[in-house]
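Dropping the structures in below, format is structure tokens.
You will see two complexes here that share subunit A, one where it goes with subunit B and one where it goes with subunit C.
Up next, the complex of A and B:
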């Protein structure tokens, strides 16, 4: 739930990177932190455990400058992807305004992608949010692994698995080299701000 | 594809999954490769190959154990704790006190128990949150495995002036029940209610003697922070909507439905039983049902037009 402060002329919203464990959520955020220095307004905070696995969350504060006289602030979070951190994911999702779902292109992770999307749907529902109503972007990550001798799903297959019904904007990406990282976030911010504008207008 | 090539592909996959941190997937590939080797007369005598895979599996197992043994909720820096507080009190429509309560509860949920105790101690100063905060402190002490610390804290409160006798009685019942459940044989002290010398009250109809009453003690109901209900009426039919609890008295919880969500009121009719309610407390999440005991429109004050709904908790 975005905070709209008319007195300070400020809008603060929350974007969450969701997806199965090891799909590249933190890698996305690290790339943003390194690359978009002008928009990053503080340090990136990571709480991880053995093997660089996110334990609680990663956090990155961003500022998008002014839009129609309002300062736009964005809190970007990632959730821990491992199945056992279900309750933590729900906590991090609280008050979310926009979601980026990072799916793993590796064929061995096909089921995990689908389970994670279902988990997102369930957690949003628990906050009274229908997944079809929230600004959501799909990112098919690890495209760089194509041709590396491991089975990688085609984009068509991933779209069929994850986006057949949702029909949300999606991006093939390679977070490790920064490919489509910025585009994914920009699209999510665009949809989120549009959605907030609609909410504000409807009172 | 010949068997050597198959094994080579499996090992290549295993190696890549390991570098990706997909340890179970890597393990499966190594095991598949081992099976293939063992099924082939020529290859099963290739001790170098077998030893190489055994070594890879050993390293992989060590990595898996390291992850399994890593603390699940380690104490994090003060900066991260602040962030946890902020992240979970991100609600523009709440009072500062309730936001602070949400923040403290979040710290407890993230395992930051010592810091949570500090935050709850601040909330004890607020009359409306005093008992909730005190119970949370006792829970935090118990989660830290210091039952004695919980008892000491309670004893300290008895000798302080912060709590009323009724509030202390609630804490007494709460702590005593937990001690019983844990099998701890400890007699808790109680603050004695001030003696009131009540004179008989003479009425026109006769003489009534008013007995000095013991303070009412509520059941040891868990403090519920929020509930999730599957709405059974349009336009949100079938959706789970979360409601924050405004008040709780024993097993009766009160939620507030803002006028903008007036459509939801159709789902609450006095006397109706609502099945499949998710109850969220500081320390637990449980399913149950509830009976609607009151639906009332607020007629005056800043919440005019909103609805107040009382639900009696029924645990399945």
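Up next, the complex of A and C:
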């Protein structure tokens, strides 16, 4: 549910990075913040939460055009997964327009990925959103660890685990070197705007 | 003086939401927040959508904003006007919001509202449910005829003794404790503004037996309430409202009994929910009913199955009470009726009107009963969870 800000002639929408702790949500956001600095409005807000960090910044993506003559402004968030951070999660997920799920390719994190995705579904439901209706992109992160001596899951296995039913666009990525970070966000923005345009038309 | 441009209740729009709203609107002015649970008014000054200063009692700047994030109940008004003075608060709006919400969830900001929870124990082995503390709004002091001090650890009320005194806690915290065969069981903690005593004490014939012990956790200052004046308030009520308030009082006792029984594993839930479902949990029911014959059982459907919350008998009401939240039916519990259940319908609007005309003290008393029922129901469900865990694996 994006907000039309008549005063500033901006359409504010919200993209949230979700995923298990240490899967690379922060790395994704930090990369975007650094690489697209010119399109970022203001500073990045960072709050240390137990075992995880909550990040936020405003983003004015270029080349996305306008909707009804309004510029598009994106609020980008990560959300702490720990159960106790209910208030933060509520604020972040309220009115979310698009979600990027960052999954961890490490084999030991397999269960954590699945639990986190289930948790996302549950939390979205609590705020009246069905996971199959919201623009969602899957990112299989830490591909750079393949062949480094640590057990890494194959893309096929990750797709089977996480994306078999959802069938959303997915990207193999290495957020640490910036690979596919921009592409993931771009795809999410594209889907989000399409969905918003649809909502505006039907609403 | 500027004009009100936005006003409402923070239970509907919380401070985080308000800050974002004023932020994206780039508003300049003063946000005023009041709560009946607080003596002081909170003020946050905005310039171009960013909080620049704040005050709450002796607190100023960011400390005041942090503290205001703990208010769970209250009213806000935003007044559009010029804001002078320097920017005491340097943090950005989102930084404030996200920091405060984290502190709130980490238990670093005290919560203020009718039912709050004691800080979570950091000890991993401590699996006890978080204990709620029930507070009430500030008291109308004209109803207080005397003050009494009870030292920490002393009993305010003994279980099983007769007594008709009514008190309100002016300072400190007390514990409500029930004696059980397994030893004393702590039910709830009550704090400032909470009432001690029951509506039944106004019924001269019924002589009231204290249903639980109340023990001072720290030094407690009690206000002895003017029972003559409260009796007059009670007698002025319509018959309907009198039975309603007595039934509410009974329901609290019922809920407490149930919680104790669940803790002792004395409940046969199959029998409890065997009747016909009159109201399904979560159903959008508008009606309010009095039982004329038969009985009704209230139970909440949880992950671990049904948890019994109360049994109701002729004279008791059930249904949707628009002006009170007891945390039971219709939103958070189902109602099961016995075969011979007969009811007559009440008009919630008439009751609601009468409720609004009650003296401030009596109204707070009724509200306190509802909050206690809500918290006790939550406790019963917690006990229910533990009971499931304790069941032997077959």
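Rule of thumb we're sticking to: the second predicted complex is superposed on the first by the 169 of 203 C-alpha atoms of A that agree within 3 Å, B and C clash if a C-alpha of one lies under 4 Å from a C-alpha of the other, contacts with A are read in each partner's own complex, and residues count from 1 in each chain.
In this text, contacts are C-beta pairs under 8 Å (C-beta built on N, C-alpha and C of every residue); 3 or more make two chains touch, one makes a residue touch a chain.
A quick note: this is a predicted structure, and the numbers were derived from the prediction, not measured.
Q: Just subunit B (first), just subunit C (second), both, or neither: which does A:42 touch?
A: second
Q: Figure out whether A:67 sits in contact with subunit B (first) or subunit C (second), or with both, or with neither.
A: neither
Q: Look at A:150 in the shared chain and tell me whether it touches subunit B only, subunit C only, both, or neither; answer first, second, both or neither.
A: first
Q: Residues of subunit A touched: more by subunit B or subunit C?
A: More residues of subunit A are touched by B.
Q: Could you tell me if A:51 is touching subunit B, subunit C, both of them or neither one (first, second, both, neither)?
A: first
Q: Just subunit B (first), just subunit C (second), both, or neither: which does A:200 touch?
A: Neither partner.
Q: Which partner chains sit in contact with A:130 here, subunit B, subunit C, both or neither? Use first/second/both/neither.
A: Once the two structures are laid over each other on A, A:130 reaches subunit B alone.
Q: So, does A:7 touch the first partner subunit B, the second partner subunit C, both, or neither?
A: second
Q: After the superposition on A, what does A:108 contact: first (subunit B), second (subunit C), both or neither?
A: The first partner, subunit B, only.
Q: Pick one for A:86: touches subunit B only (first), subunit C only (second), both, or neither.
A: second
Q: Return the residues of subunit A at which the contacts from subunit B and from subunit C coincide.
A: Shared contact residues on subunit A: 3, 45, 47, 49-50, 56, 87-88, 91, 94.
Q: State the interface residues of subunit A toward subunit B in the complex, per the touch definition above.
A: 1-4, 14, 21-22, 45, 47, 49-53, 55-57, 59, 75, 77, 87-88, 91-92, 94-95, 106, 108-109, 125-128, 130, 145, 148-151, 203
Q: Okay, in this complex, where on subunit A does subunit C touch?
A: Where subunit A meets subunit C, its residues are 3, 5, 7-8, 12, 42-43, 45, 47-50, 54, 56, 80, 84-88, 91, 94.
Q: Subunit A touches which residues of subunit C in the complex?
A: Touching subunit A: residues 16-17, 20, 24-26, 92, 94-95, 97-99, 101-102, 104-106, 120 of subunit C.
Q: Tell me, which parts of subunit B touch subunit A in their complex?
A: Subunit B residues touching subunit A: 9, 12-13, 16-17, 20-23, 25, 63, 66-67, 69-72, 74, 76, 79-80, 83-84, 87-88, 90-92, 106, 109-110, 228, 236, 239-242, 260, 278, 285.
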